[in-house]
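Take a look at the structures below.
In what comes next, chain A is part of two complexes: it sits with chain B in the first one and with chain C in the second one.
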Partner chain A sequence: MISLAYRDVSNSFGRYLLTGIGLGLLIGVTLTMAGVFRGMVDDGKALLRYADADIWVVQQNTLGPFAEPSSLPDDIYRGILAINGIRRATNVAYLTLEVSYGNHSVRVMLEGIDAQQNLMHLTAGRPVMQSHYELVADERSGFKLGDRIPIHRHDYEVVGLTRGMRSPSGDPILFLPLKDAQEIQFLKDNDAVFRDRAQLEANPKLNPTGNPALLNAVEQSLFSNHRVNTVLVQLMPGANPRRVADDIEKWLRLTAYPKDEMEEILIGQLIATASKQIGLFLVILTIVSAAIVALTIYSMTQTKLKEIAVLKLIGTRNGLISRMILLEAIGLGLIGFLTGKLAVTYWAPLFPKHIVLLMDDTLRALLITMIICILASFAGIRAALRIPPGSAIGG
Partner chain B sequence: MKTINHRLLYLIIIVVILIGIITLIAMKGPLAPTTVQITQLKQSDLKPALFGVGTVEAQRSYTIGPVRTGKLQQLLVDHGDKVIAGQFLGQMDPVDLKDRLQSAQLNIEKNEHLVEASQARLDEAKSRYIQAKHEDKRYRDLIKKKQVSRELAEAKATDAIAAFEQVRAAEANLEGARHDLQRTKYDLKAIQAQLDDLQLISPATGIVTAREAEPGSLIVSGTTVLRIIDTTTLWIRVRVEQRDSAAITTGLPAKIYLRSQQDKALSGKVARIELIADNLTEERWVDVAFTQIPEGIAIGTLANVTLYLPVVKQAKWLPAAALQHHERKTGVWLVRDNKAHFVVVKTGTRTLDGKIQILSGVTADDIVVSYTSKPLIEGQRLKVK
Partner chain C sequence: MRLYVFRRARLLGVNIMTETKTAAVNKNTQPAILVENLSKTYGSGSSAVQALKDASMQVQPGEVVGLLGPSGSGKTTLLQCLGAIIDPSDGRITLGGDLLFENGWQYSDRRALRRDRIGFIFQRPYLIPFMDATENIAFLPMLQGKTNKQAYDRAAELLEILDITERAAARIEQLSGGEQQRVAIARALANRPPIILADEPTAPLDSHRAMSVMQLLHEMAAKSGTAIIVVTHDENIIPVFKRLYRLRDGVLHEEKGEGKPFDDLED
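On to the complex of A and B.
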């Protein structure tokens, strides 16, 4: 059996391949957009995943700590531990800021947490062992082991690197001891401290003659921070998260979200508009890509109409001609898809934000590409079959 | 023949490309095995340590101020001056105290005169009494000889008794005057003591760290005028986590980095472990004394202090990065047949440079995952780097 498709393609293989690659790049962009969308959702979930908490306890009536500010006293965890069904309660402080090191400035989220209760996978170095001034950085921050990062008043040494630790907004996370994070969160610059002190000293109610100790006490309470943003709670096996969360809300007058509600807040509220925007863009991009693929294949057939007429004239069966067009379309789709997939795999890590390439998405894209190619080839086949053989010798 | 060759060539090229793409997807995609770095159980001496931050403080510091409200008259020392125990540092304004002292002095003198007058009156009363007694005796003799009337003799006897009572009165008077003298002397002493109390005297040898008022200012009783510290007692009050603080004992060696000289390690040792801990911050206070107190060090300087706990001999340990949580258990990932397998371990002491003592769960033959590019799951295919 003669493979017309093969002969036709080998006749002008270069052009065919280039068309395929061109389509591939377009498919690659679509796949990337899907990856960006998945990445946004994954960023929202990443924090939940590695926080490994069953319940998030935040300030009463807030959607904290990411969607809204939340502040809790740091000794409230003892009260939480007293509630039935709770295995562990960990104080955590979150804080997003811009950190500079050398000429390099990066937006990061600081997570203050007890290092011994927060074991995570590392790609280099070691976890935080000292009670102060050490941190573990996500690789995306660009910091290296041994870097001493100045944050406010102290230098923090990067002792470990990890991967895939991102805030819901995609910033790399730096993990450091809770007390340091509390200090960074609260610490004013020296001039502000100086001004505040002067104001306190000038206030006769806070600095009465005959009671110099009062001023010290006021300053001490004013210039220290014993607040955290959330308490992560792990439950005993078999405990019901909703019931324990209700207990916390009822007895401690706080707000507690079981994990799935927290996910709903992060995905449904925090990144809702952004992800919808990307999602809509993705849909449009898919439609545009489909249209371009279809038009390319259709016009490819159109340019061959004369040759097809000749084929018809020499008595080639319609089936053979249809198969040629179909196979060529499928081949184009495959080349395009593979190029696109390859391109995405290589350029995805270059993006500043996290891009997730799911197997499901890839297979879905393959399926859509094939369907579009087949549909487009039908249009081509229809045009080819309608051409009268006589047109081969006509004008 | 030529077509077949071409055909074969194209086929080979396409197959090679396909194989390449599939391997690439398998290596980089989700099907790829996770790359891990490995380590093994090691055995050596572990040097655990605790890290804390503290501030330089003086173990002995003194605040000097007046006991009574008043005006500061003079202040002889300033910030940075060295003082010795007992040194006169300054004085409060005595206002009327000196005049009152003068008055008391005069009062004493007056009372001395009064004592003298009382003494004279007593002497006079005594001589009158002696005379009256003699007369009484003579009249009694005369009455026996019946030379005087009985009335006269009785009158003389009464005179004698009256003279005796006058002696007693004069004696009491004298005693009263003496007490008055005594009292005024005490008054004088009290005023003198008050005057002395207005002086600001250094209670110890040391250095003046603050001069908080200037002469002429009104100072309420109890307000600090000068602060003095004993520079030989400078140490660092360090906050350490309560969690591991049970192992701290006095005498433990310490390494100190002062914020003022961040690159210079100073040595010291634990001098005191304070018995009251901070229940809010969950820290406790440990006082670390310098082996040699550095020159020119400022009170309140921030210090990073590392306390070295006793060495754990020949402990089996793993890098701390190997320790992971999996299904809420603490353990390590082993590589068995290129697959991940989680085992729970029991840990002991930990060092600041990232070693964790392993008490049980891992043997020396086990291959332990130290670093991994993503979280592992049980049975996952691993590729050792």
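On to the complex of A and C.
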């Protein structure tokens, strides 16, 4: 028996293929949008993943350090270590800024770390080993090993590269010694220091006659920085994160978030509006794509109604006609899906933000595409079966 | 034209001069088509339109009759009733002695009935554009359950009879109008139906081609005993019919045709 679908497609393969590719590009855009959405969520989780902390300790009554500012004295970790169940407590400082290098300017998040305790995976180079002026950069920043990056008053040498380290906003992270990060975060320019110093000297309470040590002490306090944004806590095996967090809050009058609560802050609050926006756009795009795919398949059948009437008139069974429409719709869906998948694979790296293409999403897209194609073919089949064979007669 | 006619006749094994004798022999058998008091009414109540009124006709095996009438006279309705496409309102249709319609269809599978016993030729060829010439013909025997070989052999046979063997593998859009119409005729004959309903088969053709199609239909009828009803408006081909039916406002009248030989018309 002649395969009607195969013959029909062979007869106008170019047009069929182009239609499939057109639908594929649309499916590709939808997959990309899903990738953007997943990327945002993944960016939010990336920091939690590599920080590997069981509890995040921040300034009391804040959602810090990302959703709200948080400032802690950098010696508070000693008090935290005294609480039962805690294995390690590490100071961390974060700040986001624009960094320029040659013609290259990129928005990055600086993370001040304790170099001794940092065990991140490097793709090239070595970890930060000196106390100052070295950094490890995420590859997405575009920096290379040996680059000397000017940040405020100093140049920092890129000694290592890492991958997948992003802020909740998707910016690449530069890791540098904690002291450097603190300095960058709070260091004032020379003119500001000069003005502040003049103001202090003019204040008789801070600069009393005969006691120059007081002024020195005040200046030292004002122009040095001993604050961090958060303390990352790792627990002893078997310790209950919520209970330890409660102890930290109770005894140190700080706020402590176990990892799952911090994830809720990052995903549920920090990127909630943006992800909802993208999510809604994704839903609309999926509906529009579905409508276009369905209409294309339906129209494909509509253009063949006369031939279908003739087929019915000469005695072709409904099953053969239905199979032709169904197979063509499935074929179109498969071409569209493969084109879309191929397209998104190639164009995703061109996007400045992180795009995550999950296998689950891909399979879901394939399933949705197939369901849409099959449903659309049902509409086409219905139209085909309703056309009276007599309509082939009489012009 | 004369060469073409004799070539066709040779392939068909038909002597043009004995066509009348062949038809006469077939007249001894039961009518291929017997229509008695057939009526068809569209709509109901005050908006009812009676398209056919007590139409009766009879066509013998191997006979080609013309069906004439102005637009809207009921020709297509009659053809659709005979083709088991629409339901008559009343009357009786018998094909080859088998009662087809009386107070409803006597066959549950009318699609199979059309496939096996009725050939259709349309005003335009209405070939399936995604099949080549051979496949358009072979598809019908395949629908009937014939093997691919049987179906393609039958298609090849008909392509040769219709003198389009060299166009066997051509796509439909590569065929001329005349070639397409001949493929359509071959398709109508593919399952050796006892009757063929032709709805203005010569309308899109020039007079020369129209005459060769008519001659072909006559040859087919003579060779295979197929009864053919040809709906036409073409004044040039009306003289070839020995018997005509004319429809006017749903009423069918039988008329005697001229039955002119094709050679005379060609001259």
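In this text, the second predicted complex is superposed on the first by the 394 of 395 C-alpha atoms of A that agree within 3 Å, B and C clash if a C-alpha of one lies under 4 Å from a C-alpha of the other, contacts with A are read in each partner's own complex, and residues count from 1 in each chain.
Simple rule for what comes next: a contact is a pair of C-beta atoms (placed from the backbone, for glycine too) under 8 Å apart; a residue touches a chain by one contact, two chains touch by 3 or more.
In this text the structure is predicted, and so the values were computed from the model without any measurement.
Here chain B and chain C are compared by how many residues of chain A each touches, and B touches more. Contacts of A:Lys306 after superposition on the shared chain: chain C is touched, whereas chain B is not. After overlaying the two complexes on the shared chain, residue contacts for A:Leu350 are found with neither chain B nor chain C.
Of the two partner chains placed by the overlay, neither chain B nor chain C lies in contact with A:Ala213.
Shared-chain residue A:Gly315: touches chain C; no touch with chain B. When the shared chain is aligned, chain B comes close enough to touch A:Val159, but chain C does not. Applying the stated contact rule after C-alpha superposition, one finds that A:His121 touches chain B and leaves chain C untouched.
In the superposition on chain A, A:Ser12 makes contact with chain C only, while chain B stays out of contact range.
In the superposition on chain A, A:His132 makes contact with chain B only, not with chain C. Contacts of A:Pro389 after superposition: chain C is touched, whereas chain B is not reached. Judged by the document's definition of touching, chain A residues 10 lie at the interface with chain B and also at the interface with chain C.
Chain contact summary for the complex, chain C toward chain A: residues 76, 79-80, 83, 85-86, 111-112, 114-116, 120, 122-124, 126, 128-131, 135, 138-140, 142-144, 148, 171, 187, 199.
The touching residues of chain B, when paired with chain A in their complex, are 6-7, 10, 17, 21, 24-25, 28-30, 50-53, 220-224, 240-241, 243, 280-281, 304, 319-321, 323-325, 328, 330, 350-354, 371-376. The touching residues of chain A, when paired with chain C in their complex, are 1-2, 4, 7-12, 306-307, 310-317, 388-390, 392-395.
The part of chain A that touches chain B in the complex is made up of residues 6, 10, 13, 50, 52, 74-75, 87, 116, 119-127, 129-133, 159-160, 163-164, 179, 209-210, 212, 226, 234, 338, 341-342, 345, 357-359.
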